[in-house]
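Presented sequentially are two complexes of chain A, the first with chain B as partner and the second with chain C.
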Partner chain A sequence: MILSSIAILLLGPLLVGISMGLDRKITARLQNRRGPPLLQPFYDIGKLLSKQSLVLSDLQALFASFSLIFHIIAFALFAFGGNLLVIFFISSMGAIFLVLGAYSTPSPYSHLGANRELLAMLAYEPILFLAVIAIGMQGSFLVGEIVPGLLSHIPLILIALLPVLVILLEKSPFDVPTAHQELVTGPYVEYSGPYLALLELGHWYQLAFVYGMITLFIWGTGITSDIILKLVLAFILLFAAILIDNITARLTRKSMVAFMLTVGIGLIALNLLILYIIEVI
Partner chain B sequence: MGLLDKIGTKSPWILHFDTGSCNGCDLEIWALLTPKYDVERFGGINRANPKQADILLITGPVTMRCEDRLRNLYEQVPEPKLVVACGNCASTGAPFHNCYNVCQGVDKVIPVDVYVPGCAACPEALIDGFVRALSLWEDKARRRESE
Partner chain C sequence: MATIETAITLLIFVPLIGAIACLVGQRKILKQVTIMTAVATAVISLILFIEIAGQGFIDTRIFLPDDLGYLVEIFGAIVALTFLYLGWRTRSILVIAFSIGQLAVLSTILLTPGSETSFFLIDTLALIMVMITSIIGSIIALYSLTYMRNDPRRGVFLAVILAFLGIMNAAAISNDIRWFDVFWSITTLFSFLLIGHTRTDDARAAARLALIINTGGGLALLLGARLMMHYHETYLFTDLPIGNMTGLVLLPLAFISIGAFTKSAQLPFQSWLLDAMVAPTPVSALLHSSTMVNLGVFLVLRITPSLQGETFFSIFIALIGGLSFLITSILAMTQSNAKRILAYSTVGNLGLIFMCAGIGTPLALAAAVILLLYHAISKALLFLAVGVVQEGKMSEDIEDMYSLRRDMPLVTLSIFIGIATLVLPPFGMFVSKWLISETTTTFPLLAFLLAVGFASMVVYYFKWLGILLTSFTGTRRPLREDVSPQSYRWILGALSAGAVAISALVGPITHYLISPFVAMEYELPGLTESLSIFTVEGEVQALLILFLVVLAILIISLFRRRSRDVTVPYGGGEEVIFQAGGSYYLSNELVTKITRIGNLIGATLIVILVIIPLIMEVF
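The block that comes next holds the complex of A and B.
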């Protein structure tokens, strides 16, 4: 049990890194390009770590490290079968420290990016929170005690998690916070070298938690079929997000929040209502 | 650090700056980023942000107004960094020789690593210059460590 937890903790971010490489490769193929090698995200991180570190203030560096630390703690709790609610709150702290880091610099692009990152959190966190509650209502909040059957009971919540994934992967139509061409890279704009690598790693751990939550929906009979089914489910959602990214244009921040708070919450409410009606009958 | 330096050559992020070019070379640079020449094969992406860039692709003869801005951008790029002067104007200021309002080339303002001639520099030549600049990367990184 402990061994498998440690394996998840180490392999999770590695798999997320490979999924980012896959994402760039698939996007390139959709645009009729050859695309970078599969391990490109790892090369990027390695290069960023070897660059000179230019920080504007100690505060900026501190916030970047805190963001990474909170995301690592959240994912470690997940790997060791902790409480999903606690994991969700700690993961949000990591996201908040990214925003604080962006606010700690005087750059207007950074501030606009931070404002928009807060709006994006306003859009995706209620969905993620309600999804966690819905999973908890099926039995237990503890990751280690979650029983098979989530996919057949709450399939609409899996669909509601897709736009959350789109926002977290910074993809159109919801790439409002980082908005290249418009805000350069939003909250990341004042970071360079090793500290950008820290934020990027934090982002990987955050995604690892969300992918982990998605994999809770499906269970196989044996350990091999279990792992394969989980990977396939995560890949299907990733591929859907990439497809959406390549066929849509960026929406305004207002329509992003409106979409998430109506369609997202609507899907979850509908799912719970259907479950309730079935139970009563 | 040897391994990290080697990895650095696999992920060159680009900053493209136009110092008063006629846009001929700029169009060719944009051709690099589009499907036909696709410089992302080498891991290069246009970051449009000096703080996250590794390679500066500079076009134009550097007008007097651009001089300070170019120097400012160069100073914001963290080490190790590479500069490629793209086209005849950026290399020598060619058609603007003895003009009163230009600096006659990028190397009058900041150190240049690779010169790519041509008016406009063709995409193949630009890729060649790009790859040649990358071969200087490890050298630069090692020199930085010894300092």
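The block that comes next holds the complex of A and C.
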């Protein structure tokens, strides 16, 4: 049990790294390009770590490391079967320190990015929170105790998690905070070298938690089929996000928040309502 | 036992005597009197705590002579007459009507005395209230000594603040609703005086509004008391029947809850607390954190045992709280005035407490009491810090607080700790956030209110904190010395340390102080299991150590500057002259619209709250 937890803890971010490579490859193929090698994200991190550290504010480095630490703690708790609510709150702390790091620099792009990142959190956090509550309503908040059957009970919540993934992967139409054409990279703009690598790694751990939550929805009979089914489900969502990215243009801040708080929350509400009605009947 | 009785008596009378000394004494003794009273009150409350802890946190009852009852009711009538006079002075028909109503109800209460001897009840809930008032309130009194140093009417101001503490202590231990009402009304009177202290037009208007809403709430409470006698034949909270009530017997509880909503400024009654921001900062701190608004939630926590098993009625209490939390959290995002942001967040946090009380499971009640305690200290810290900024920068606007870290590192740290203890894991508030979230699985509609509310809370607090932490462009100026008076630093330092310390002690506090209250009201099996996460060895503690280390690193780096390669901000090829503006997202019209919608829903819910017992009676 502990061994498998450690395996998840180590493999999770690695898989996320590979999925980032896969993402770039698939995107390139969709655009008729060759694309970088599959392991390019790892090369990038290695390159960043070897660079000179340049900062604007002395708090930047601190907040970047805090962001990474909290994302790691969150995912570690997930790997060891902890309470989903606690994991959610700690993971959101990692996101908060990314914002604070961006705010700590006297840079207009960085500040705009931070403001938008907060708005993005306003958009995706309610969905994640409600998804966690909905999972908890099926029995337990403890990751280690979650029973199979989420997909058949709360399928709409899985669909509501897709736009969350789109925001977290910084993809159109919701790549509002980073918006590389207008804000360069928003909250990341004043980071470079090793500290950027820290933030990037933190981002991987954050995604690992969200992908992890997605994999809770499906269970195989044996351990091999279980792993394969989980990977396939995560890939389907990733592929959907890539497709959406390539066929849409960026929306405004307002429409992002409005979409998530109406359609996203609406889907979850609908799912819970159906469950309730079935229970009553 | 004798020590407890003496301590309680002193906790009520020491502040009152201090207040009288401030009022009649000469200007030069003001300082000594205030310091002595504040320190004495805080120390006595600690002695009381140690004494009760020594006895293993059992409830103490102090029986009172029956004659005292009449005296208190006559006092209540005097207060109502004062409201009548104030209603005439402020030209407010509503206040006049409410105070006449109060007098009428009071006279019928006088005619129907209760059969039991009334007593003061000191359980852990009352103890927590007394500790909050006596310690945080005293710190605020010390703070106002410095803050109001140039005010010609400082004596009156300090007298009212000190007396406020004594009356709050008395209210917190009152088990007889008649007594409770009298102290409740006196706090209304005091808050009127404090809000109107500066005597500007704004202050007068705000004080008048506070008086109108709170006398109305006082009338609701008195009606509740009278109906309580009618339906339950008692004036004592502890003698109310436990649970499974239905029909008209719920009516007194409905009126009492309405009284609580006015005092704790829930929708649609929130306007008085928001307008009260015109008062000097210590007043805001006192009203928001340690006194006034806590009375409302305290009252509802006192009657929750009776609501047990009656989910249909109590869920509306939860809905009003949840709605207040959601609406005020959204509105707080649109504000740039720090005090106003804090005011909205107070209403929101109290809303959360009402929500917990409405849900009413043991876990939810534990969450409510944790919120009450941790919110008090963090909010006091934040308000007092904003007061210091206001004095140094002559502004409360967060736009004017750019790079505050350079000018006022200690204040910045205080605000950081205040916000961290209010929002971030694993501090006290986080524990209650977690518990509340878990309890919403029994009533998922509330989870939707929480989801957006929590996210908005992150937005408005961290937007503010980010502005404070922004560094200045390119320059390497050394940190300038803090210009604020020495006493401020001690007070902010003490409150920050206190906020972190009680966060670190969340396990023992929950175990010894909060579980007894919850267990006393609900003798449910499995309670200890559901609270077992708070044992000293629990996972919260493990996380805490880690986070305290993180906090320590943060504190060190806020005050220290290491040399590192510094570069210039990216400006798309142009030179950057950084001047950030806020993002407040919603236009004024929209804010008004949201407020109106919120008030409308709130008012509807309150009407439903009164109608439910009637409908239940019919069917």
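Note that the second predicted complex is superposed on the first by the 281 of 281 C-alpha atoms of A that agree within 3 Å, B and C clash if a C-alpha of one lies under 4 Å from a C-alpha of the other, contacts with A are read in each partner's own complex, and residues count from 1 in each chain.
In the analysis below, a contact is a pair of C-beta atoms (placed from the backbone, for glycine too) under 8 Å apart; a residue touches a chain by one contact, two chains touch by 3 or more.
Keep in mind it's a predicted model, so treat the numbers as computed, not measured.
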Point to revise | Which of chain B and chain C A:32 touches, first, second, both or neither | key: first
Exercise for review: Could you tell me if A:44 is touching chain B, chain C, both of them or neither one (first, second, both, neither)?
Suggested key: first
Exercise for review: Determine, under the contact definition given at the top, whether A:248 touches first (chain B), second (chain C), both, or neither.
Suggested key: neither
Review point. Just chain B (first), just chain C (second), both, or neither: which does A:184 touch?
Key: both
Review point. Thinking of the overlay built on chain A, is A:52 touched by chain B (first), by chain C (second), by both, or by neither?
Key: both
Review point. Which touches a greater number of chain A residues, chain B or chain C?
Key: C
Check your understanding: Given the touch rule stated above, what does A:118 touch, chain B (first), chain C (second), both, or neither?
Key -> second
Exercise for review: Identify the overlap between the chain B-contacting and the chain C-contacting residues of chain A.
Suggested key: 52-54, 184, 189-190
Check your understanding: Touching chain A in the complex: which residues of chain C?
Key -> 403, 424-425, 430, 433-434, 437-438, 440-441, 444, 447-448, 450-452, 454-456, 458-459, 462-463, 465-467, 469-474, 539, 543, 546, 550, 553-554, 557-558, 561-562, 564-572, 576, 578, 580, 583, 585
Review point. Which bits of chain A are touching chain B when the two form their complex?
Key: 24, 28, 31-37, 40, 42-44, 46-47, 49-54, 180-181, 184-185, 188-193, 196
Practice item. Enumerate the contact residues on chain B facing chain A in the complex. Key: 1, 3-5, 7-8, 10-11, 35, 38, 40-43, 47-49, 51-52, 54, 76, 78-80, 141, 144
Revision key, fill the gap. Contacts from chain A onto chain C in the complex sit at residues 52-59, 61-62, 66, 69, 73, 82-83, 85-86, 89-90, 92-93, 96, 99-100, 102-111, 114-115, 118-119, 121-122, 125-127, 129-130, 132-134, 136-137, 141, 184, 189-190, 261, 265, 269, 272
